[in-house]
Amino acid sequence: MINTLTITLMIAGLFFFFATTVGVLRFPDFYTRMHAAGKGDTLSSLLILVGLAIYNLHHISAGNILVTIKILFILMFIFLASPTATHAIIDAGYESGIKPWGKESNREGQDDLAD
Amino acid sequence: MSNFFIATGVVLCLFMLLALYRTIFGPTIIDRMMGANIIGTKTTVLLIIIGTIYGRVDMFVDIALAYAMLNFIVTIAASRYFAHHKNIRAEGYGVLHYTPTKEADK
Amino acid sequence: MELLLAKYNYWIYAVIMMIGLYAMLAKNNLIKKIIGMGIFQTGIIVFYVSIGAKRGGTIPIIEHGHGAEVHEVIKALDYVNPLPHVLMLTAIVVSVGTLGVALAIALRIYTEYNTLHEDEILEKIND
Amino acid sequence: MRYLYTFLLMFGFWLLLSGKFDLFHLTLGVISSLLVSWMSSDLLFIDSSKKGRLIEVWRLILYIPWILKEILLSTLHVTWLALHPAMKEKIAPRIVNFKTRLQSDAARVTLANSITLTPGTITVRIEGDVFTVHALSDKVASGLPGEMEERIARIFTEERP
Amino acid sequence: MIWQIDIMILTLIVICGVFAISVKDLLGAAVVFGAYSFLMCLLWTEMGAVDVAFTEAAVGAGVSTVLFFAAVHRSSRQVKARVSGRLLYKWLGLVASGLMGGVLFYASTDFPDWADPASPASSHLSPHFITQTLTETSVPNIVTSVLADYRGFDTMFETAVVLTAGLAVLIILRLGGCRTAGPVREKSAAIQTAYKDSIIRFVTRMVVPFMQLFALYVIAHGHHSPGGGFQGGVILGASFILLAISYDLKMALNRINEKAALLLANTGVLIYAGIGFLCMLLGANFLDYSILHRILPATDEIAARSHAMLGVEIGVALTVMVIVMVIYNNIVSNGTYEKGL
């Protein structure tokens, strides 16, 4: 029972990680890529870590419950830090004056940034 | 069950390889930072998975927590760099190029 | 496959050290040289930690072990070798010290010569 | 007063982390919590006068399930976009500005992080009262700030203007 | 050891290493080097070296990347494309690294197989440490007991090396005239609300106390779980660095100014050496902690060793914390303490 739940959660997490990575590779500019990176990562970490936390409750004891709480604490930290990091990076990009990619605007100023 | 965790770990490593493409080939420095950030999140998860494979997660959660904290610091530091330089291109010496004062040399 | 498994770590540490040495010798930029130094250091650490690995060994923290009342027999084969870990742990912390000193020297050179490139620095010294 | 609050919070956190309840480790915990509350109690609680913080925290916990649901929707949306073959036709990225009525820092940060976590929107910056948000498509851009601001205003008991 | 993950990560590491030195943008190179450190941390965990992984997570992934950013911030970011006169160096580098690599590859045929339990390194000294640590010191974490007790002499001088590195950074950056404006004594840098980037500052304020408590926990529980003085010290220092990054340098300096910092660093080494000399005073060898049961209340010889190790770790943590801060503060402001990242 616990094993099935863990496997389901982790496979779902892996799927979202996959989508994140594909999104990061495919989206046209870094604003949109950040949408993929910021969101998929948070949810898939959540799924995988919750799966592991549940698996950890296989043998219920005081120590294991504490470890589960610690894993949940890591999750909380990720939920606080990950949007902030996303915001910080995208603010840096906005600060440097790069226009977001759009349908009407042509893509000048994007390609010549390669170093 | 252990085999499943190992398979998960290997798959996560493959995803890292894809994210590494962004880290290495950019095109902008922001993309690199994003790639590094993704690798960092995956590492946090992978640390706990390795702990589960060893069967001693209680020893690995501390590392993952420290890891998440320091990953955050790195991202903030990088973004502050741009708050000062306002330039994501590598050419030129940056806008706020630091010039040494004459009295500093004496 | 067996050969690959048995020697892969040693090959990779050699490759990492080659990368580091090449960067330290051939790169023009001082910060690149410092990155090469960091890579060289990690190559050595890979070697040491690989030596400490043990098939079937768990992490070097004794399970259920608190207080002297634990009388179960501890077998050395059950735990990986802790000695390389100790040596490398201090080495990593010292490496942040050396990194700091190296970056400080690079900054000092930058204040003096206004460049981080070796050829320009050499030119300015010879002038 | 804020020293006491910080100390209690830190000691609770220590108990969670430590998991060893013998006298020796508890003493170490008390010493560490005292040290931290001496070093940085001015960081956690700036306005120590404010009442009702516990209620805010409780309502914030009640807010979590809703935001989790939103995150799930958001990720499904972005996943669908990322895997769509004609992705570039589907997205219409744009930058949206809107004014907020939230006053306190905590409320604003909660709003900003919630926006970042939900469908197709990322908070770029806060300047004065104005949020700058990058939105992935027109659909999500039109719905800002919407229900989320309502909920957060309720958590932090901010009156309507 | 988990060989599947081992092979994957080693391959990733080589890719990362090659590109870290070939990216034509110093900031980008620093970011790639940061990713390289992330992978290293995974490699250590996978081989069971949890303490090394912890140190790498704190030092490699966190502090050294920030140091690179600081240095690039103070100097320039550009890498010159190609210089004609450097061809000689290129060939020299290729030949030298090729030679070294050839020798190392040749030597690798003589090494025992990876993860062989009967390899010479694992069969002489370490079985004693593994089997005796509980009965002799009552410390379950073997790495801590070897670090602070069996090889305590070594660790003391490592700490001294770290202190020396911090002082060297001070001397190098201040060389040739005093460019400091003296210790900063402004009270204006108290925390205010309503800054421009209030999100980062708010989150920083929430995170830093927990980070500091976590660091103290790591120091105190180094006996039972991975961690100890080095790791905890680095995380403590990193928490002050986070303050200095998201507010400004003066804010961090108001909390611990330079004079207090250096005093603390020296105190750290003194605590370590002092415990050693205390053992000598009581008639035992230098750093032979078991004699301390005479002055510590309610301890026998074994518990005395365990408690003395904690004292030693605290000394190490003080030094490392301060030195990490001093190195960051000086590099980011080029020795002037004026304006940070």
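Per-chain numbering from 1; labels A, B, C, D and E assigned in written order.
The definition used in the following text is that a contact is a pair of C-beta atoms (placed from the backbone, for glycine too) under 8 Å apart; a residue touches a chain by one contact, two chains touch by 3 or more.
Quick caveat, the model's predicted, so the values are computed rather than measured.
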Would you kindly count the fewest steps from subunit A to subunit C, each step being a jump to a chain that touches the current one? 2
Can you tell me which chain lies farthest from subunit B, using the average of the Cα atoms as each chain's centre? D
Quick one: most central chain, C-alpha centroids? B
Between D-E and A-E, more C-beta pairs in contact link D-E
Please indicate which chain is farthest from subunit E, where distance is taken between mean Cα coordinates of the chains. D
When the centre of a chain is set as the mean of its C-alpha atoms, what distance in Å lies between subunit A and subunit B? 13
Quick one: report the Å distance separating subunit B from subunit E, using the average Cα coordinate of each chain. 18
For subunit C and subunit D, let me know how many angstrom lie between their CA-based centres, rounded off. 38
Scan subunit D for residues touching two or more other chains and write them down. 17, 19, 112-113, 123, 125
Please list all residues of subunit B that touch 2 or more other chains. 26, 33, 35, 54, 58-59, 62, 65, 69, 71-72, 76, 78-79, 81, 83, 90-91, 104-105
Two-or-more-chain contact residues of subunit E, please, as numbers and ranges. 23-26, 28, 48, 50, 63, 70, 72, 74-76, 79, 197, 199-200, 203, 206-207, 214, 224-226, 334
What is the complete set of touching chain pairs? A-B, A-D, A-E, B-C, B-E, C-E, D-E
Where on subunit B is subunit E touching in the complex? 6, 9-10, 13-14, 16-17, 20, 23-24, 26, 29, 32-33, 35-36, 39-40, 43, 46-47, 50-51, 53-54, 58-60, 62-63, 65-67, 69-74, 76-81, 83-85, 90-94, 97-98, 103-106
Subunit D contacts subunit A in the complex at 16-17, 19, 68, 71-72, 74-75, 78-79, 81-83, 87-88, 91-95, 112-113, 116-117, 120, 122-125, 132, 134, 136
Give the list of subunit B residues in touch with subunit C in this complex. 54-56, 59, 99-100, 104-105
Give every residue of subunit C touching subunit E within the complex, in rising order. 4-29, 31-32, 35-36, 38-39, 42, 45-46, 49-63, 65-68, 70, 74-77, 79-86, 88-90, 92-101, 103-108, 110-111, 115-117, 119
Residue numbers on subunit A that touch subunit B, as the complex places them: 3, 7, 10, 13-14, 17-18, 20-22, 24-25, 30, 33-34, 37, 41, 44-45, 48-49, 52, 55-56, 63, 66-67, 70-71, 73-74, 77-78, 81-82, 84-85, 88-93, 95-98, 110-111, 113-115
